[in-house]
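You will see two complexes here that share chain A, one where it goes with chain B and one where it goes with chain C.
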Partner chain A sequence: MAALTPAAPPVTDAPAPARRPGRPRAGRGWRGAVLVIAAVYFLTPLLASFVFTVNDPVTGFTLDAYLEIFSAEGFVSSLLLSLGLAAATIVTVLVLTLPAMLAARLSAPRLRPVLEVLCTLPLVVPPITFVAGISTVLRWGPDYLATTPFYMTLIAVQNPSFPVVLVIANVVLALPFVYRALDAGLGAMDVRTLVEAARNCGASWPHVLLRVIIPNLKSGLASASFLTLALVLGEYTVARLLGFQPFSVWIVTISGSNAAMSVAVSIFSLLLTWLLLLVLSTAGTRRRRQS
Partner chain B sequence: MNGAQVEFRGLRRAFGTTVALDGLDLTVAPGELIALLGPSGCGKTTALRCVAGFETPDAGAVLVGGEDITRVPANRRDAGMVFQSYSLFPNLNARDNVAFGMRVRKVPAAKRHARAAELLELVGLPSQGGRYPHQLSGGQQQRVALARALALEPSVLLLDEPLSALDAKVRVTLREEIRRLQLSLGITTIFVTHDQEEALSVADHVAVLKDGRLEQVGTPAEVYDRPATPFVAEFVGTMNHLPGRLDGDQVEVIGQRLPVHGEVPAGPDVDVLVRPETVLVTAAHDGDAEVVTASFRGASVRLRLRLADGTEVLADLPGHDATRLGPGGRAFLRLVRRPVLVAPRATAPAKVPAAGV
Partner chain C sequence: MAETSPAAPAAPRPGDRARAGGGGRRSLGWTAALPLLLFVGLAFGVPALALLAGAFTSEGAPSTANLTRSLQGAYLTALIGSVKLSALVAVVGAVLGTFLAQAVVTSPLRRLRDGVLTASGVLANFGGVPLAFAWIATLGNSGVLTTRLGLDAYGWSLYSFWGLALVYLYFSVPLMVLVVVPALDGLRPQWREAAQNNGATTWQFWRHVGIPVLTPALLGGVVLLFGGAFAAYATAAAMVGTVVPLVTLQIADALTGNVLIGYENVALALSFDMVVVAGLVMAIHLPLQRRSARWLR
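What follows is the complex of A and B.
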């Protein structure tokens, strides 16, 4: 609460200058107050963490904790694994959902509620239940199947250097967010008319998808992608319980050995995620402005 | 003539329990502009979409240039379409929208740009090629859509209420331009509309549809002057329903005997269908009709008159003739001597014609 004190002046300040066009002034004042409160709420823990990582009680200011990250064992591999998983998840989930949603919109509107419920379902199933199911399936592999491709598939998806099973799990977890983002994007354009106009101009279905739908769905695709990215980078439960080590699991593992470094890693991962989101969103908007 | 003949053969299409097309038979001659006219839900748009390939009929066939195209996918049909809602690709500028179809067919860039510029000029937008759809007005967007529909030199042009989203003035100029373009290109055009004025003013033939069936097809003058059925009479233009009494092949209506045109119903009591412009009004102090309302329309005035027996009659007369006929004025009514259409007496008591167009 002490941190709130500096926020107080703008709040009390706002109503004081009773300017003529009172409403916008007061509105701006309130907006500022909300912004300050939100900023305090989010930035205080971050700043506190940052101070904790750079302040050594003995030597004073030091960036050792950050430098340590890069030399720590498993950092690069786990980060690359997470990014790889994120990329694979984004591609898979978009390839699965976009054609399905288009098909439902264009030729089976009555299936739309079904699709919506299916895609929202992962929100209500706790990840822990989900992972319990997955691990049961993965463990199930009777000996008489040992020589079949099925059994080998079960083994292959669990390859620790690139666990496909995590991509599958992440796709399911990302479905609700991707569905919402794409649904909003598709809702913003007259899909049926655009598709029919393109078909009328002689475009085949792949052409319609690539040249008409995707260029006009950029913001929807971008927000679906970065929601998925954020989700995959932060996903812990499934990866941990299946015994893989992407970035989020690695952070928890490393935090046991070095307190300052574990916090430094958290801040680092936060900045990294922000950076990636920023890149994705600016890429989306720049292309839109260009067009 | 670049146009092809379009033929609908026994076209049927049902959506669940709603029958949109119920055995439509219609032939469109090469190079003509035919208007499919009817109230909403009469199947006119469904018929058009069957030609475009967006709808597959349950039965029957669509023939273009004598070839059955009923099962041909939409992207391999030779028909350009302009949609009711704005259908330009938002991510492309006007030029690229027009060139879209040529790009699909891999026409070289230089050639398709030249052709797009030519088409934009044709639709009156020579300098707007670089603009994006959101920078164009509704009328301009529909012009670009028209250019896009013509870009691949189709043998049929399909217009699905292309003017209904535009304001009145633009609507009139654009429909005239569409007609001018259509005549100069000689392209077979099917124009779907629910606006009878639009249909009558631009089409070579008007096909009036009702409940998925063809009610009448004919030139605008035929459809207006000799409606084949009471429905057509009612839908195209405004109609008075006057009580009349059949007597052989003549009918007695407000003190006059007129020959009956078309089918003669059974009962002696009938409704006589009379256009407002065929009602002649003569102002007179001792006239048997009283003016209830008079609405001035510039060139003409529409009067609503009440006869002694309570029947209300709409009459159109030239604006300058009506100066003495304000509400409350009295007049004599007479009908132009020509064959009239009669319908069986509707049981509904009030026979007040709608004051529509």
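What follows is the complex of A and C.
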């Protein structure tokens, strides 16, 4: 902000008639300052945390923190749990939303506003209040439902080796992102014409879905999946408060005993997420340039 | 009904079959959406109802005692703390994000623009635990910069209100850049030239043309940033524990059992307060978004 003030005087002081108002030079001044400040602010934590992980006060430079990650207790199991949850979440959310969104475009236009509201709701409700609701429901089990078959269901979804309740919660949290990604994908193609052409040629509904819709929707499906994957890998609130230990919770658990390693794992998980999102955004721009 | 015309392509077939096909299709539409509707009802609706019921039940009887308690003492402090932090982050993030976006949009370097936009897309999604740890390693008590520059001698602490604000800006500013760049692109250079030809100064251009045109997008961005900071839990929990009073930390505390007997449902009442605040804020955002989308086309 302060960069604006020093840049302003040259505009008014510059001999205006000499050439077009001195905008380029003044513009370059504040623009450069803003960009430099932004670069310092955004790069410092990344560089500093890298230094933090490789600098040992006694021995100097060391990569131990990174080497220890793979042999640390709980690393493999929590990462596998997170990846498993992510796979289950992606499959569930796509299987649920894709047919509904196709139907809204093809045959039930009045369904569209309903879907839009349903898929925006999770944005309004902060995850922590969502967990508060879920844990209340789970507590009903021992309190009221102990003699009914629902009780066994509630116990089963909380199985610590694969907590289905986390998949359910993640699907709800992912709905807004998946809805937007698929809506953009469906908007870029003429669904009705494609489907009617395929149906008139005698294709069955499964055939239409697998051979016509999904190939055309590839980039929308890919971005929905990537966003969901990033969301599940980073999801902490729900898992922590329901007492499960996927990757993001495990990082906090080990931070008490080994600070350097927990920062190293953070950098590792960051790079993983960035890679995913970069793949996603470059795929998006390539598609846009082709069309 | 409007759906009869979409059935037209089936017209070559005998009339009654076409009508049957149309009706079948319509019910097929709702059948295809049924799993999603049921799922959201069960996974989202039931917890929401449970939360409402719990928030308004005290010792087995319906009452507003929980709500009253959630708006008193430490709980009220936490709620106010959260609103203050989110408002600060939203306003500062929006201002800084707009300047950064303007710097990028007016830059002649195409590559700079692409790079900053990609980085913003990535950083806006960078929240949670890893963000907290990156900042702890940088400016925490034994952080790299804290020890190198001797910042603790000046009374610096990351585990404070201002420290949290500094960290929250790390994902808020990029989000603002993403929100405001399309709006800045919508500011035609012709408008600026017209203003200059009529003798307007840079300040007058922004005062009478730029800012009014951008207002819906800017306010929408502020609301979005507020919502993100208000709902954030993982970063705060990993960073400050309970040093800074925040409503998300209070709810988590109550849910994990660190709470007096008879106060279990206060967590639900606090959650209800949060949803009300977030809902109010979103209610401002949605019409604004529609408005800015209309004129940016």
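Definition applied: the second predicted complex is superposed on the first by the 222 of 291 C-alpha atoms of A that agree within 3 Å, B and C clash if a C-alpha of one lies under 4 Å from a C-alpha of the other, contacts with A are read in each partner's own complex, and residues count from 1 in each chain.
To be clear about the criterion, contacts are C-beta pairs under 8 Å (C-beta built on N, C-alpha and C of every residue); 3 or more make two chains touch, one makes a residue touch a chain.
Just so it is clear, the structure is predicted and the values come from calculations on it, not from any experiment.
Visitor: Which partner, once the models are overlaid, touches more of chain A's residues, chain C or chain B?
Guide: Comparing chain B with chain C, the partner touching more chain A residues is C.
Visitor: Applying the touch criterion given at the start, work out whether A:Met189 contacts chain B, chain C, both or neither, answering first, second, both or neither.
Guide: A:Met189 contacts chain B only, not chain C.
Visitor: When the two structures are overlaid on chain A, which partner does A:Ala72 contact: first (chain B), second (chain C), both, or neither?
Guide: Once the two structures are laid over each other on A, A:Ala72 reaches no partner at all.
Visitor: Just chain B (first), just chain C (second), both, or neither: which does A:Asn216 touch?
Guide: After superposing on A, A:Asn216 lies in contact with chain B but is clear of chain C.
Visitor: Determine, under the contact definition given at the top, whether A:His207 touches first (chain B), second (chain C), both, or neither.
Guide: It touches chain B, and chain C stays clear.
Visitor: Just chain B (first), just chain C (second), both, or neither: which does A:Ser266 touch?
Guide: second
Visitor: Which holds for A:Val91: it touches chain B only (first), chain C only (second), both, or neither?
Guide: neither
Visitor: Have a look at where A:Ala198 lands relative to chain B and chain C in the superposition and call it first, second, both or neither.
Guide: A:Ala198: touches chain B, not chain C.
Visitor: For chain A, which residues lie in the overlap of the chain B contacts and the chain C contacts?
Guide: In chain A, residues 196, 200 are touched by chain B and also by chain C.
Visitor: Under the definition above, what is the set of chain B residues touching chain A in their complex?
Guide: The touching residues are 52-54, 73-77, 79-81, 83, 85-92, 100-101, 104-105, 132, 145, 148-149, 151-152.
Visitor: With touch defined as at the start, can you tell me which chain A residues reach chain C in the complex?
Guide: Residue positions touching the partner: 1, 8, 11-12, 21, 27, 30-31, 34-35, 38, 41-42, 44-46, 48-49, 51-53, 55, 95-97, 99-100, 102-104, 106-109, 111, 114-115, 118, 121-137, 140, 168-169, 171-172, 175, 192, 196, 200, 230, 234-237, 240-241, 248, 251-252, 255, 259, 262-263, 266-267, 269-270, 273-274, 277-278, 281-282, 285.
Visitor: Per the contact definition, I'd like the list of chain A residues that touch chain B in the complex.
Guide: Listed in rising order, the residues of chain A that touch chain B are 189-190, 193-194, 196-204, 207, 211-212, 215-216, 291.
Visitor: Applying the document's contact rule, which stretches of chain C touch chain A when the two form their complex?
Guide: Going by the criterion above, the answer is residues 2-3, 6, 9, 25-26, 28-33, 35-37, 39-40, 43-44, 46-48, 50-51, 54, 95-96, 99-100, 103-104, 106-107, 112, 114, 118-119, 121-123, 125-130, 133-139, 142-145, 169-170, 173, 196, 201-202, 227, 230-231, 233-234, 237-238, 248, 251-252, 255-256, 267-268, 271-272, 274-275, 278-279, 282.
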